[in-house]
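Have a look at these structures, which come just after this line.
Consider the two complexes below, in which chain A is the common component and chain B and chain C are the respective partners.
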Partner chain A sequence: MSYSITEPSSRQKWIAGGLVIAYAILTLLPLAWIIATGFKTPADAIAYPPKVLFTPSLEGYVNLFTSRSRVTPEDLAALGPPTTWYDSIVRQYDMVITGASRYGERFLNSVIIGFGSTFLSVFLGTIAAYAFSRFKVPLKDDLLFFILSTRMMPPIAVAIPIFLMYRQLGLSDTHLGMILLYTAVNLSLSVWLLKGFIDEIPIEYEEAALIDGYTRFQAFYKVVLPQAATGIASTAIFCLIFAWNEYAFAVLLTSGTAQTAPPFIPTIIGAGGKDWPAVAAGATLFLLPIMVFTILLRKHLLRGITFGAVRK
Partner chain B sequence: MAQIVIKSLRKEFGAFTAVQSSSFTIEDGEFFMLLGPSGCGKTTTLRMIAGLELPTAGEIFIDGTEVSQKPASQRDIAFVFQMFALYPHMNVRKNISYPLVSQGMKRDQVRAKVNEVAEILGITSILEKPVGGLSGGDRQRVALGRAIVRDPACFLMDEPLGALDAEFREHMALELRALHDRMRATTVYVTHDQLEAMQMGDKIVVMNHGVVEQFGRPQEIYDWPATTFVARFIGSPAMNLLNFDGMVGNGSTQVTLSDAAIKIPPMISGASGPLTLGVRPEHIRLDDAAPLKARIKAAEYLGTTQIITLDTPHGPVKARIASDQPATIGDTTGLAFDPRSITLFDPTGHALISEANQKVLSHG
Partner chain C sequence: MPDPFQRAALATPPKLAHQIRGLSDRTIAWLFVAPTIFLLLAVNIFPLIWTIRLSLTNFRTNRPNNAVEWVGIENYRKILTNPDTWASLQATAHFLVWTITLQVLIGFSLAYLINKKFRSNDLWTTLIVLPMMLSPAVVGNFWTFLYQPQIGLFNYFIAFLTGADPASFSMIGEVALAPWAIIIVDTWMWTPFVMLICLAGLRSIPPSIYEAAECDRASKWRQFWTITLPMALPFLMLAVLFRGIENFKMFDLVVQLTGGGPGATTQLTSIDLKREAFEKWRTGYASAYAVILFVTVFGLASIYVKALNKVKDR
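Moving on to the complex of A and B:
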């Protein structure tokens, strides 16, 4: 079989473009549906046949961020006219806003735990990978294999021991506990990915820096780190995506103070309330940070993933 | 500016000995070549001088100070790496400034110094460019710039021209040598190319399997090799080595090969058994009257001279003779050697001392 290195014909380009678009539609459709549902009224959200065109409403978002209680029409009338736009939305259903919901807190927990564990995984991963790459470490290969072996079963397989251990140590439902857990899970990936990236950086750069009068640490910091930026960025994205989306451990180990958004979002649906727009709104907002993070680091990510294949 | 003295330097990597008890002296301002085939320990030796590798044993003196255990940054040396090692995330100016910034030099001083160096190397126009797109020659110049900007006591260069193509190498070699002649900084230069070493070096150390085979001026090494390895490694074509059984002693002035008496320089040391006679191709004449007979196998025309390959009972021989001298392939002729330029080697491959090579070989 021979491969053509000539410019693809315009028909080939059309077919390739068509396939890409078809695939994009396929993967983006559920996402679009979630985003749309977030702007529907509860009635529109469960309408059958499903509504593609609808009047947008912010009800989902209002419900997401508030807690409300039902009052009698008489009491409602006694309250006087609604003072804000979200008040008026809520009052259509004979409800009043009694305070903020927990979504904000849970979201913040996700940010703290997600980014905290990502930072820790990448930080520890970078220095461990540097050591494995540059120094004579006794039993290096065995240690690296051991580190990888922690990912040879699904992390959830050790859920029960971790649950018991965390209860004993007082780490259940704490930010620290969740950060440590996600760091532990991500670290092996991080060490292995980063070691590959650091291995690719010629050691001469550091030696040149040593001769130029820098200390070993300065050489690491000023020469190795900038060149490992691509690898660090792509590793960070992988770690963040895992920690951000992790559900099973979050359900098991958090319930209050340190609960992250993933276990919280399904509870929004409420008892019998079927508040799908609020759930969709919660999911939509939850997607945003990781989308922004990924888009910001996209250039690095693409280069990072193809690193081994098309270096330079 | 510095003198570098290497004393019984040794480096082991586990069970493997990369450099065995090397000793030599590099004088202040010298352009010094570390020459040897790939894997013989040149880079390792250079890295020990630089402080990137710690010796297993031995001493290194830079200007009288023992530095073998000091970190690289305290030795006041500059290293030009085989692959240049330019920082890819910095432009040319930043690359050259880097060693100065580490010393905490003021910004406008750095600027001025870098401009000056760029001027010397003719790279002023590319100062603000990223190093990624530079040609091999320009990368080489930038690497040199980074080395000379600091005015170090000495330069260490590990095959700095190895990454360039042949045509450009020659040009850069001249440029490098001219630069050295202007700056007169002690330079240690690693190469596996004997021609490069002969052309550029003030002095040469020839290494093989981690052992220093010989150390001296190019002409001395060329004329009076200390070992058969050096004889074979230097010169193109290399020195002819004819094997014969015989015996020489103090005062001997001739040896016998296939019943032909060959005059040699008066010997001072002696040996017996399987000996080797070394003679350069340009010191052989084809003379039908000479008693040592050989058959002409090939002739290679090189302009004013030609290289004739001959078969003798003692091994093949190459002779460099004038192009106009007739040589017919298949003919048998006699070989006459210039008696003043013959070296004899003992059964272990070491040169025997004669009145001719005594001066060169007795110092090492």
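Moving on to the complex of A and C:
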């Protein structure tokens, strides 16, 4: 690094680094607590003072994935010794496993709706962004502003007519209905971000391809898409994170078949009060993929957040 | 090996090939833009028009067989004269003012420190950003556990710092504390967003300006007030705009944290609206409420954007 009079001194760097790291540790504490609570027994989870060191247990995860019912000690004795490790965990509490819980289904719904809507919003966003970037679209600026303005509406405000409309069309509580809805919400972000990325690709590449006898479609497919790949990928992550985390529409428009994990996780309850280790286990499995994604893809993500904001 | 496009081109009958090749740019442009516009019309604009229509009626979703009557602006009059509306607007204003103030102060300070470019600052930036990437409903739900009197980590922490009894206060159960409970979690979650935008602002300032200031022997303090802050101001204002719009719409986090309680102390407008629409099923009334909220956000945002542009042009 070249010497510069504006470069902060190393003492300044130490102080700045120390303060930022202190803030980071403080802010990560609740997240660490979620992960830790998932591995506690219910008794450890509500211990006072809060337990930092504890014997890890998989009870929370077992309770998360199973439904259980209480049996009398005689019935329990009649069943014979437990056959699996999770059986033995449950039997300490005079319970037997009666089947799988709904968590698996809800998680799968999140995956289907998340990836489905991400694919659709990125696909539609890419072609629309290409058109806005390269062609003379009438009323271009108005259309772009219109696309952006759809993000200002409070979800609850649009939820009323969408609720009625979906009931009429038979789309309420369906995967397709949720995919279309999340796609529409994500489109504004997707078009704006992608237009920025495509604007950066020099138009000369396509012109050369067109002169070489490519059609517009071929030029788009073989020249523009590969160049925009990074931009498309980071847009996809933003769309996925939104759909993954969305709660308001999910709680209002789904109840059974298409319910995603965010409305479901807070409703997990155990026998006699809230089963915090199971809630924490469910939250951990749901949040961890996003945390890992964020850390691995930080370069593209951080750029995307500010990019989307600063462009406006 | 001929690539698939060449093969496809050879296999296509000449006449059709000519047609595809001949698609004018104008046609392609429309073909590419139309699906997006159509979907946004169907899922955003059509519902908005429907909401406006419903807002002029006494329609109730749970009684579809009742005769629907036009009531004109009656719903609007009721909302604006209802003290509950003003109470929830006040709760929203309190929430907005404090979250934005705290997030701007902490976010800008963090960005300023990170901009000192200490070692591995990008990794720490990423770790700080984590909370805003996560599901507000799931995280908000878990914060109710941290806020438990006695056993909650937050109460323990406060007790540790102040010496108070951790069982003596309940962040989400007490009228005086609940508004702060939601402000704390929102600030925890969204400060990183303000920080990132401020960081983009600080990084956009060319170093040559500081070099010139150093040559003129301007003090660091003076440099901050005459260079750093004014040049980062448009970014800061943009962050305020985004947080303002988002927090005016705030629903998921607060529903999970307090559900609007205790009483109606944290009943923000979105939660009030949800009660009217999906618990009391007063669809017409709730639609009018939605229109009022939308007009308010849009109006405030437009005025703000005008001010922002003035600052930018300066």
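FYI, the second predicted complex is superposed on the first by the 278 of 312 C-alpha atoms of A that agree within 3 Å, B and C clash if a C-alpha of one lies under 4 Å from a C-alpha of the other, contacts with A are read in each partner's own complex, and residues count from 1 in each chain.
Assume contacts are C-beta pairs under 8 Å (C-beta built on N, C-alpha and C of every residue); 3 or more make two chains touch, one makes a residue touch a chain.
This is a predicted model, so every value here is computed, not measured.
In the superposition on chain A, contact is made by A:226 with chain B only, not with chain C.
Applying the stated contact rule after C-alpha superposition, one finds that A:202 touches chain B and leaves chain C untouched.
Counted by residues of chain A touched, the larger count belongs to C, out of chain B and chain C.
In the superposition on chain A, A:278 contacts neither chain B nor chain C.
When the shared chain is aligned, chain C comes close enough to touch A:244, but chain B does not.
In the superposed model, A:95 makes contact with neither chain B nor chain C. Shared-chain residue A:211: touches chain B; no touch with chain C.
Annotation: chain A residues 215, 218, 312 touch chain B in one complex and chain C in the other.
Residues of chain C touching chain A in their complex: 5, 20-21, 23, 25-26, 28-33, 35-37, 39-40, 42-48, 50-51, 54, 61, 106, 110, 113-114, 116-119, 121-131, 133-139, 141-143, 145-146, 148, 150-153, 156, 166, 188, 191, 193, 196-197, 199-200, 207, 210-211, 214, 235, 238-239, 242, 245, 248-249, 251-252, 255-256, 270, 273-274, 277-278, 283, 286-287, 290-291, 293-294, 297-298, 301. On the chain A side of its complex with chain C, the touching residues are 4-6, 8, 12-14, 16-17, 19-21, 23-24, 27-31, 33-34, 37, 46-50, 124-125, 127-128, 130-132, 135-137, 143, 146-147, 149-150, 152-165, 180-181, 183-185, 187-188, 191, 215-218, 222, 241, 244-245, 247-248, 251-252, 261-263, 265-266, 274, 276, 279-280, 283, 286-287, 290-291, 293-295, 298-299, 301-302, 305-306, 309-310, 312. Residues of chain A that touch chain B in their complex: 202, 204-205, 207-215, 218, 223, 226-227, 312.
Taken together, the chain B residues at the contact with chain A in this complex read 50-52, 71-73, 77-79, 81-83, 85, 87-89, 98-99, 102-103, 132, 146, 150.
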